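The letters A, B, C and D name the chains in turn, as written, and every chain counts its residues from 1.
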Amino acid sequence: MTRTRKYHLALVGVAAAILLVALIRLITGADEITSSGTFAAALMLAVPIGLAGLGGLWAERAGVVNIGLEGMMVLGTWFAGWAGYQWGPYAALVAGLLAGAIGGLIHAIATVTFGVDHIISGVAINLLGPGVTRFLSEVLYKEGSPANQAGAGITTSPAMSSAAPELSLPLLSDGPDWLGSLESTRWFLIGDVAGILRGLTHNVNVLVILAVLMLPLTFFVLWHTSFGLRLRSAGENPWAAESLGVNVYRIKYIAVVISGAFAGLGGVFLVFVSTKYVEGQTAGRGFIGLAAMIFGNWRPGGLAAGAALFGYADGLQLRSQGAITSFLLLGAILLLIYLGVRARRADGLSALTVKDYTAMGAAVVGAAVLFWLWLTVDRLPNEFVFITPHVLTLLVLLVASQRLRMPKADGVRYRRGEQH
Amino acid sequence: MPAGLFRALLTVAGAVAAIVLAIGISSVAIVAVGASPADAFAAFLNFGATEKAVSTSIADMLNRAVTLFIAGLAVAIGFRMNLFNIGVEGQYRIAAICAAFVGSTFVAPAPIQITVIIIVAAAAGGLYALIPAVMKVTRGVNEVISTIMLNYIAINLAAFLVRGPFAGERAEGQLTTSTPVLPESAWFPNVNALLEMFGLPAPRGDGLWGFLIVAILLGVGIWLVLERTRFGFEVKASGLNAPAALASGVDPKRMVISAMVLSGAVAGLIGLPEILGDEHAFGSNFTPGLGFLGIAVALLGRNKPAGIAVAALLFGFLDRAQGPLQFADVPPSVITIMQGTIVLLVVIANEITSRIALRREERRAAQALGRNTPVEVAA
Amino acid sequence: ACGGSGSGGETTASTAPSADSSSAPAGGALKVGLAFDIGGRGDKSFNDAAYAGLEKAKAELGAEIKELSPASDGSNRGELLTQLADAGYNPIIGVGFAYGEDIKKAAEEYPEIQFAVVDSASNATNVTGLLFAEEQGSYLAGVAAALKAESGHVGFVGGVENDLIKKFQAGFEAGVKSVKSDAKIDVTYLTPDGDFTGFRAPDKGKVAAEKMYQDGAEIVYHASGDSGLGVFQAAAAAKKKAIGVDSDQRQTVKETNLQEVIMTSMLKRVDVGVFEFVKAFQGGAKGGTDVIYDLKVDGVGLSTTGGEIDDIADKIEAAQKDIVDGKITVPTKP
Amino acid sequence: MNAETVAAVPPAVQLEGITKRFPGVVANHDVSLTVDAGTVHAIVGENGAGKSTLMKILYGMQKPDEGTIRVNGEEVAFRTPSDAIAVGIGMVHQHFMLADNFTVLENIVLGAEPGTAGVLDKAGARRRINELAERHGLRVDPDRLVEDLGVGDRQRVEILKVLYRGARILILDEPTAVLVPQEVDELFDNLRELKAGGLTVIFISHKLDEVLSIADAITVIRRGTTVAGVDPAGTTARQLAELMVGNELPTPETRESTVTDTVMLKVSGLTLEAQGGRRLLDEVSFEIRKGEIVGIAGVEGNGQSELIEAIMGIRQARGGLTLGAEDISAWPTLRRREAGIGYIPEDRHRQGLLLEASLWENRVLGHQTRPPARRGFWINRRVSRADTQRIVEAYDVRTPGVDTLALALSGGNQQKLIVGREMSGEPKVLIAAHPTRGVDVGAQAAIWEHLRNARAAGLAVLLISADLDELIGLSDTLYVIYRGRLAARLDPSGVTPERLGGYMTGAITGTEEA
């Protein structure tokens, strides 16, 4: 399938999704589903995941599995906090970036130079990240230290000397804020779209813009530059690359360091949001980022979708636990659609195999159950609300993962001149 | 010298060198704090003034090692065939709460009661691991991410169960939630006798967890299964070369399912030493994170039971120093740093040594092929 | 009874057993050991408050002090207690309800040593339970919030959904309702029990609070550790107010823009609890009882820094009096 | 060659006293080699003789321990292939060096990307490639994914890669190993064109007749040293072979027929579809009788791999499969092996071996459910070791012991071990894919001998090979597979490699009955 057709399909898909969601919103009356607030929150929660995911993408496209993202992210948060309170947000940005990059460098040394199993090295870095930062806090933020006077504790840094600037779209989502007024009308579809757009454009942190720009940038660099071609060749067939005079070691080093830098950037963003380093604030986002990346089939667009899914579900869940129940209805509808498609594809009942019948039967039952739940349950126990993003991810994977294709030499130990 | 022995010796040498290096690195950190490394390492070795304190410390260390050992085993089974079961974390949590609850619902003679609990734990862990396994074989879902997702789900599920269906009644004003306390018959007798054999007094508190015995048996069992049985061979084959395994009649789906479930079943036991030997219930204080530590331990032990045991003891030894280090005014986070560096350096050492061993292997092979004169070998 | 901790033989600090020198520890320097909860010292909150009490004891009672933090997974709380005991510390204090079981075991091991545990009831003859009536303090916070919020719309953000935090929620809700029975109270928890990241997630706190403010809440009360930071930011952004917790956050939070939004803080005087316990111990007090730090003894209360609630001080006084006199019993469960 | 030309132009390549040691192995020992500009220079030698290593040295992938390299008279010292590329050397490797998930274009430009400021100029590249392809008659679509290409096309891509970099000196390491005669002829035509264009070609092959037909000069390497420079004009394949190995060149010849009339394996209407519904196997039907060797000839990628994998149960195909009297079409791979089907896979490293495991464990592989390897649910280590020792001796596997790791063996020896393994446990049917690929003549003879003996003992063999002499010489019956269907059934005794090639490439159609 050509790129343009894919692109169009994507657009159609998005449109359909919005329509469906708007419909759900109308039926259930759960305005939060498409409110600007939810989408603002979604964006905020998605960015660190997306950045971590980009980190994963850069490493794995070059053939290095990086589950050390979490540890690198932690390094990013600490150094961002440490530099931020002394020299402001831009210093924080640089420091966090570098810290993450150094984490990446360690990973590169272990995996590329010494050929250590990538998972092992990653696990070690996930141990080191929190250990080192905790240690630094215990040294630099202890009672009586200057930082401590400035409000630091073992578990937190002082606040950044100044916050990172935030931007809005003039007129549309600021000042007269037309989108805002449109949203408040709550008209079907229009109100929804307005809400979504406003959420994504109102008081957006500069780093968010930076992060979002990283997606097309990554795509361009990896798929449209010679450096990108070499990088991906290191992930597909490093020996071929080597035989053409590509310095695979160097490529992998660069890729993994960049990967770490992205993870660090994710950490920086967390610090920007909380205006200071808070121990444990990454809360496993490195892993989620990795998941989003695999979810997205090792492609920037896909990982953006994965991150968005997480951010959205998480934000919605935090803003309105009730609204989550309307996903039950969504699920039911999706199942019915699936049913229809499947039935139409099979020409005549005669052509249906047992497998088809079981699948469709399951779909029917599932739809019924979900619908019934939606009618009866008005509020799920919080524990079940909290896991929405994770369950959604699993479901999507169950449907989509057949088409996933990871780089051929991903995770493979490459040694110069030793192909077999 | 036989290749096997040579490889073993080389590995040990490498590990020792790595640990020494790690100690060096952490010494730098300690100096940076302004504390003296000497004090710090004294703290690591300071098991207490009185005999009682010493035996208590030893018990603490061993108890920690036991759980880590089981965790390492669980992880290793999957990793043996390149099946990255990151989900041990969730599996042992689910298993622990189910076992703790079921165990509290009936009273039977100790052996039966404890056996039932162990079986329930293994079953629960295995079943929870079955989910990613089935997702992988039927829909090709990458187990790394499905298990990561399932970890979060497990945490929430456990939280729901312990406060809802499985909640035990609590004293007024008690803020911890937990499953009903297990009957005495489910309390695993301690094995302080082992320590007493070495002329040490019985340790304080719950003493040396009797589950140590189970863990040892488990380790031997797993070793036998992995190294000596047809199943173990098929696991190894699948791990080393999946297409070859397939071509030689190993059913990959069956392997994924069985390895994953076995891994999960072992994972199910991780929480039991604590529950049967100490807490006697699953509650708010249940130790988290063992699944992730298990990965480090397993990899440190090269996915082999013996190695895992050593790694677990090392981690137990380091973790025990949490308190003593603080008495010596050394930030305890040094422990984590050491653990991280050791893991990293030891595996690097492994790489180097195994490469040396391989070269030696090839040399001997080539000599057998008689393609070269001694002079040139010397060169 | 106060704090709902009706367990037998409890006294309140005000009537704590007066020192009777005979039972005072024979000579010997006073060595006080303290074991923190996860996060350990420097959390700017709970643990630090306990440490403040310990330092006070050092300063005023000449105590020799030692404080230990547990491993990040909290797997070694029991070990810390025995290590302190073996090192000759007496009394020994465990900070946080998580210590309940471990203190009990340690107490049986060392009958000659006096223990205390914060937020958990006494469960042995040589263990003193230092309980705090968070619900009472939260009740006052609720009263203050209700009085200040014309619309009668307020919110509560809980860090982790466990029973301790639910005490805060229960008290707060009761307080609000006592003023405006028709008040609207939004409640959000950030993570479930057992997932403690909820105390370290400012971004999630921010999202939750933002929503409340957008829906018209005027004041949000948080019991969510470091996540509260996000609540304050949301308040600042929405130009509304928030209520802090544990310590006087208007002082501990250093950012001026955030200080202004902290109308008041629900004080939980763990420092007082710790110090009073050490003092009583020096006086020869024995354990086996709970000491309730409630409004009566100012174990909990509202901070007045910034003077934002001075105008309603009298109403708060009244509510406090009713509670102290037992006219009002504050629920501990929502 | 003759002195005058040497005097006139400096030789394109001049290697002197090259020595390369690998741990324990001396791959090259004091090798000297002179290649004149504008000639095709062949290098022959048995497996592991050091040909590839020598070429890798010349291409900068390995550093020589001793010796000097001169290119066009200039002394050079390569650090990486890019240095070699810079002076106009290009190499086509023994094993394909292509990224399957990349397009032809991406594979070709990789490392020498056109464009400005690092931005890839795909259009420009496409133009250049098409024009190159035109000039040298190497047709390929630049925008296809390599994974969709057949071996012939892949070979062309490899050569284009080299030409794209403007190489004047081409190294081709066993380029014909996977090609059929017609493709070989095409390739040779290309080479002659290149030669005419003044390029120099260094050419490695185990197929000596090819060598003789294309080469202007031949260098023979044995055990890492140059033993002779030969002028193809006055040399026969046999003389060459004797130079290589010092013994007679064996030819596969089945002696008197041992075919019985009890059918051992019956394949009927075997059909397998790819995702797109394209038929990889199309109604394939044939029988193998006791004591019969059925050969299947075909250009790689016409369904051979699918056929054997379907028979082994590695792929699920529709159609009938009966072993003896039993219908095995529904059986899993394991059961089929247990029922007595042996399997020599086409790619030993991929399907045949656990490279990081010991030889005896590799012996157990595929037999893990049968004695002697298995006792109850235990693996019988002692007996397995002993039996591996037996194989090592019977099949002359050169190894220090049965505990050696498989990857320490040369491909040839690895292959012998696999053959020995599959022969043990008296299989009823043997599926042998390229049983002697990449194996030197000595080992070849041994393996053929074993096949013949087993056949005489009543084994039914399905033989798939790219070596047509092997096919014709060993088979009792010969089928040609083309586009997934059996295009012809031929009588080996009456067919020449050329005619066979005609059927394989679809040039000749219609079946002839034996």
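To be clear about the criterion, a residue touches a chain if its C-beta (ideal position, glycine included) is under 8 Å from a C-beta of that chain, and two chains touch if they have at least 3 such contacts.
Which protein is which chain? UniProt says A, B = ABC transporter permease; D = ABC transporter ATP-binding protein.
Not measured: the values here are computed from a predicted model.
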Could you compare the number of C-beta pairs in contact for B-D with that for A-D and name the larger? B-D
So what's the Cα centroid distance for subunit C and subunit D, whole Å? 76
Taking the mean of the C-alpha atoms as each chain's centre, how many Å separate subunit A (ABC transporter permease) from subunit D? 46
CA centroids of subunit A (ABC transporter permease) and subunit C: separation to the nearest Å works out as 37
Which subunit C residues sit where two or more other chains touch them? 72, 161, 192, 195
Hey, what residues on subunit D touch two or more of the other chains? 355, 407
Residues of subunit B (ABC transporter permease) that touch two or more other chains: which are they? 156, 159-160, 335-336
Full enumeration of touching chain pairs: A-B, A-C, A-D, B-C, B-D
In the complex, the residues of subunit D that touch subunit A (ABC transporter permease) are 56, 59, 61-62, 80-85, 91, 93, 95, 97-102, 106-107, 109-113, 115, 118-120, 161, 349, 355, 407
In the complex with subunit D, residue positions of subunit B (ABC transporter permease) that touch it: 2-4, 228-234, 236-237, 240-241, 243-251, 358-373, 376-377, 379
Residue ranges of subunit A (ABC transporter permease) touching subunit B (ABC transporter permease) (in the complex, touch as defined): 67, 106, 110, 114-117, 119-121, 123-128, 130-132, 134-135, 138-139, 284, 287-288, 290-291, 294-295, 381, 383-384, 386-387, 390-391, 393-394, 397-398, 401-402, 404
Of all residues in subunit B (ABC transporter permease), those that touch subunit C in their complex: 48-50, 52-53, 56, 60, 64, 155-156, 158-160, 162-163, 171-177, 204-206, 278-279, 284-290, 319-320, 322-324, 326-327, 332, 335-336
Footprint of subunit B (ABC transporter permease) on subunit C - complex, ascending: 3-7, 66-80, 82-84, 86-87, 97-98, 100-101, 105-106, 109, 119-121, 123, 129, 131, 161-164, 167, 192-195, 290, 332
